[in-house]
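Shared chain: chain A. Partners: chain B in the first complex, chain C in the second.
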Partner chain A sequence: MNNLIPILVAFPLAAGFILALLPGKWLKSADSIALVASSIVFLMAAALYGYEGIYEIGGWSSPVGINLHIDSFGWLMLIAVSFVGLSVMLFSINYMKTYTSRNRYYVLFFMMTAGINGTLLAGDIFNRFVYVELAAIASYVLVGFGCGAKELTAALKYAVLGAAASAVSLFGIAFLYALYGTVDMALLGEVISGLETVYPFSPLHLAAGLAITGFVFKAAAFPLHIWQPDALSAAPAPVSAIVSGALISSTGIYALLRTVNTVFSGALRLGPAVAAIGLFSVAAGTLTASGTKEYKRKISYYSISQVGYILLGFGFAWHLIYSESSAAAVFLAGSGAIFHLLNYAVFTPLIFLKSGAAEYPEKRDRDFPGVSYAGILSLAGVPPFAGFISKAMIIAACFISGTYSGFAAGVIASAAAVYTLISLTRSNIINFRIKRKKARNISGRIPLLMKIPIWSLSALCILLWLLFIPVLRERIIEPARLSIMPQVRAGVEGSLR
Partner chain B sequence: MLYTLTSVLFLVGLFGLLTQRNIIKIIISVSIIESAVNLFLVLVGYRKEGLAPIITRHTSHGKIMELSVDPFPQAMVVTSIVIGLSVMALMIAIALRLYHIYGTYNIDEIKKKQEEEKT
Partner chain C sequence: MKDRSLIAVIISRWVSPFIFLYGVHLIAYGHLSPGGGFPGGVVLACSFILALLARGKLAALKRMPYVFAKKLDASGAFIFLLTAFAGLIFARVFFLNFLNQIFPGQELRLFSAGTVMINNFAIGIKICASIFLVILFISALRVGKDTEMKTMEED
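Coming up: the complex of A and B.
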């Protein structure tokens, strides 16, 4: 089982290389090779269920070597991301036929998959940086894959800002190395939690700020979100789907959470900072979305606010874990945030894939949006859909925390949620009435292979409720939540289970 | 000293990134930022009059541990330079494509032309 861990990174890279070297007359088999390879990645991720372990590359152990490690939260992200990858691959086999040289698309796709899997597994902050860059470089190219003027400007903006943000992140990593002499995250965490006094403005704060900035950029959270609406609205639909569902949630949110929790939580209380970033993203995303007319752009802004909810939930849980009284709030915020992260990885790809399905045979037809009702309603948080419960849990946690800041956060978050709900459902119901006839004509033309991912993701928008029946929650959400919480006050945590 | 100088270089790059309107100059600013970070990484492992961290017949293991510069940041720098290089090549390729479409490297003019196309 342990040997599967490096294969999850190596296999997509190998698949990408094979596709890149494929001789000209074999190009037609590229589709099936790509599909089989991404199913294998998904199956390997599924096979790691319940496994926790460390793989030491080349047999070199921790202070010298580089290790890959997996735990419950990492597995949960891995399975979500590879499911998104498989769905997007199913979708893009037909969709990318409208572009030239689609085997290069597959090459970049697998490069990105390898980067994402590596990010989820890396146990060392510098290697995580390298994997994040691997995924990011692939995504810069994929955003500009259409080579139209709009795509190219979006890709250039994304690449320039992305390169600067990752340089900032690398500065932070170098700082940490200069201060503590290691880049292994578990070791850094031990060294940092052993520090006796941390002054209000210490080098550690600077290092933390620099290291986190890069991940905030990749997560498209508030101050650094400007690349995201351009990139997602210009890119080909499957690319927007995988960037929003897999790249942002893994190299952005997951890497941010892991860095804050494993490395810094021993000495710095970064919970309030993360929650504040989240809250600002919620507000900024919702407000800017209301001023946008273009459909994909609007969805991109709303997805910024969904990322905000996730960060708000985690930040709040980390903040509250240090106070005795609010164990229920910690539970609600933490599991709500994990649940919302899963929902986010389902509904945003769904919305983008559906809008791509409407564009399918003539790819330039952008004024007709294919609206995915399951995705929109889950994003807006309408009760039968799973997006409702996760958002409700995060907001409830803010209110029952019994602090003024929590109350204020709850008010802002719930106002934004209600506003999202009203504006999205209203604009889409109007849209639905006008375009219903056109929609019927279009849905007949989509091949079955493109319908399967849309159907399965739509079904998941409701079926994710199942994760809240106690049997599954105990096995899946709870261990993941405990593995991303600071390991303090085991008593408070234990009394809740 | 190390921190100040690399931070100044970093800020020069950041200033260029935020104020320049020419795509090529923006790309140069990004490369200045990257060089600042790489320089910082190398200087972190620097030791005055240090040896190269290579074990040969003449240098024993203990002597290396005592006198050599830290090899680890150098390994990181090589990786980071490669990443920087590939991003740079990509950005220049995109900039050239944009030049073929719009005939200019100025982002203000590109924006103006895009808006004209819309209307």
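Coming up: the complex of A and C.
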């Protein structure tokens, strides 16, 4: 069981290299190799359920060696991301036939999977940076995979901005190493929480700001989101799906949360900053989406605002955990944010996959977007869908916190939610009326292998409600929430179990 | 070929084997002296890049064909991963230096590092192929008098 942790990173890499080494006459079997490999990754991730611990690579222990680390929140992300990866792989086997050189797509896909899994498992901050880069560099190429003018422009923009953001992040990590002499996150957290006083502008603030900036870029949150609509609207549909569902949620959101919580939460109160980034993303994403006509780009902007909700929830929970009276708000914000993260990892890939299904098999037929109603309604937060409860929990946490800032955040977040709901449903009802006939024709020509991921993700848009059955909530959501919250007084936590 | 300097052609032909040999030395003694997989690999690649600069793309591609370089690139990385997996299989810990436990060797001698040497060679092969490919692509994108513009997929 223990040995599965490094294999989760090494196996996708090995699969990628085997696919790259495949001799020309065996290229037809690349599809099945890729499918089997990503199912194995999913099964391995599932098999790690309930396991928490540290794996020392090569037998070298913590300050000297590199370690991998898994806990409940990491496992939850791992299983979500592997599920997205498997669905996207199922989808792309037929979809990528319209592109040249499918084999290279698989190679890059597995590089990206290895980077994502490594990001979720890395125990020290420098290795996390390396894994983030591995995933990001694969995604730069994948975004430009179509080789059209639009794709290449988006990929170039993404690559240049991404390299700049990574450089900033690397500076921050270098600062941390210079200040404290280690890059192991647990050790850094201990050292930093032992600091007596942190002055208003200490080197630690600079290091934290620099290190976090890169992850904010990868999460496509407000000030650094401009690459995301271009990249997601230009890339091939499966690439948009995996970038939005797996790459942004793991190398962006998860890495940001993990860095803030494990490393800095001992000395710095970064909760308000994260919540402010989230709130600005909510507002900016929703406002910009309203002025956008193109379907995929509109969805990209709305997904920025969904990332904003997630960051708002986590930041607010971290902020409130230090106040005495609001255990309920901490619970609502924290588990709402985790739940919204899971929903985000389900509905955005679904929307992009469905819009890609409409383009199949004629790649250039982009005037009709295939609208996934389950995904759209879950994103908009319509009651039977799981997106409703997670968004409602975050907004409710803002209102019941009893602070003015919380109330203001709640007003903005709920206004944005209502606006999203009205705008998305209205535009899609119009769309539906016009294109209903065409939609019927399209659904007939999609092969079964492409329908399976769309169906299963659509089902999950509703079935994720099940995570709030008390049995599942106590086994899955609650441990994850506790492992991403700063460890302070046990009395504040746990009164609302 | 006609406007190439004869001196450059002859000298590069004489020098490049020695550069190659030096690269192999850097990799092989990577665990004992400054050097290792990455610098050694770059030096290995330099011997091919010298041929590319002095005698043109075709001469370099004759020594290191494009498809072969691609396979070498992937196989270097794959060998590295295999040694990591071998640690898991033979000693139950991923990446463990199991060869060093079985066969410690004499300290400060060539065969004293176990799997480190295999890893160094794997990285050397990978870096050699990928640096060569990078330079090859840069030279393929060059626009100018060069009349050897030929799509590389044909080779």
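The rule we apply is simple: the second predicted complex is superposed on the first by the 497 of 497 C-alpha atoms of A that agree within 3 Å, B and C clash if a C-alpha of one lies under 4 Å from a C-alpha of the other, contacts with A are read in each partner's own complex, and residues count from 1 in each chain.
The rule is short, and it goes like this: contacts are C-beta pairs under 8 Å (C-beta built on N, C-alpha and C of every residue); 3 or more make two chains touch, one makes a residue touch a chain.
In this text the structure is predicted, and so the values were computed from the model without any measurement.
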Problem - Room on chain A for both chain B and chain C (clash or fit) - result: fit
Problem - Inter-chain angle, chain B to chain C through the CA centre of chain A, in degrees rounded to a multiple of 10 - result: 40
Problem - Winner by number of chain A residues touched, once chain B and chain C are compared - result: B
Problem - Touched partner set for A:G58, first chain B, second chain C, both or neither - result: second
Problem - Contacts of A:P6 with chain B and chain C, given as first, second, both or neither - result: second
Practice task
Based on the superposed arrangement, let me know which partner A:F126 touches: chain B (first), chain C (second), both, or neither?
Solution key: first
Exercise for the section: Name the contact category of A:I18: first (chain B only), second (chain C only), both, or neither. Expected result: second
Practice task
Please work out whether A:I33 is in contact with chain B alone, chain C alone, both, or neither, and reply first, second, both or neither.
Solution key: neither
Practice task
Applying the touch criterion given at the start, work out whether A:A178 contacts chain B, chain C, both or neither, answering first, second, both or neither.
Solution key: first
Handout entry: Three-chain overlay, closest Cα atoms of chain B and chain C, distance in Å
Key = 7
Exercise for the section: Across the two complexes, find the residues of chain A that touch chain B and also touch chain C. Expected result: none
Problem - chain C - residues contacting chain A, complex - result: 70-71, 73-75, 77-78, 81, 84-85, 87-88, 92-97
Practice task
Would you mind writing out the residues of chain A in touch with chain C in their complex?
Solution key: 3, 6-7, 10, 13-14, 17-18, 20-21, 55-59
Handout entry: Residue numbers on chain A that touch chain B, as the complex places them
Key = 126, 130, 133, 137, 140-141, 144, 147, 149-150, 152-153, 155-156, 159-160, 162-164, 166-167, 170-171, 174, 177-178, 183
Fill in the blank from the handout: Listed in rising order, the residues of chain B that touch chain A in the complex are 10, 13-14, 17, 23, 26-27, 30, 33-34, 36-37, 40-41, 44, 72-73, 76, 79-80, 83-84, 86-88, 90-91, 94-95, 97-98, 101-102, 110, 114, 117
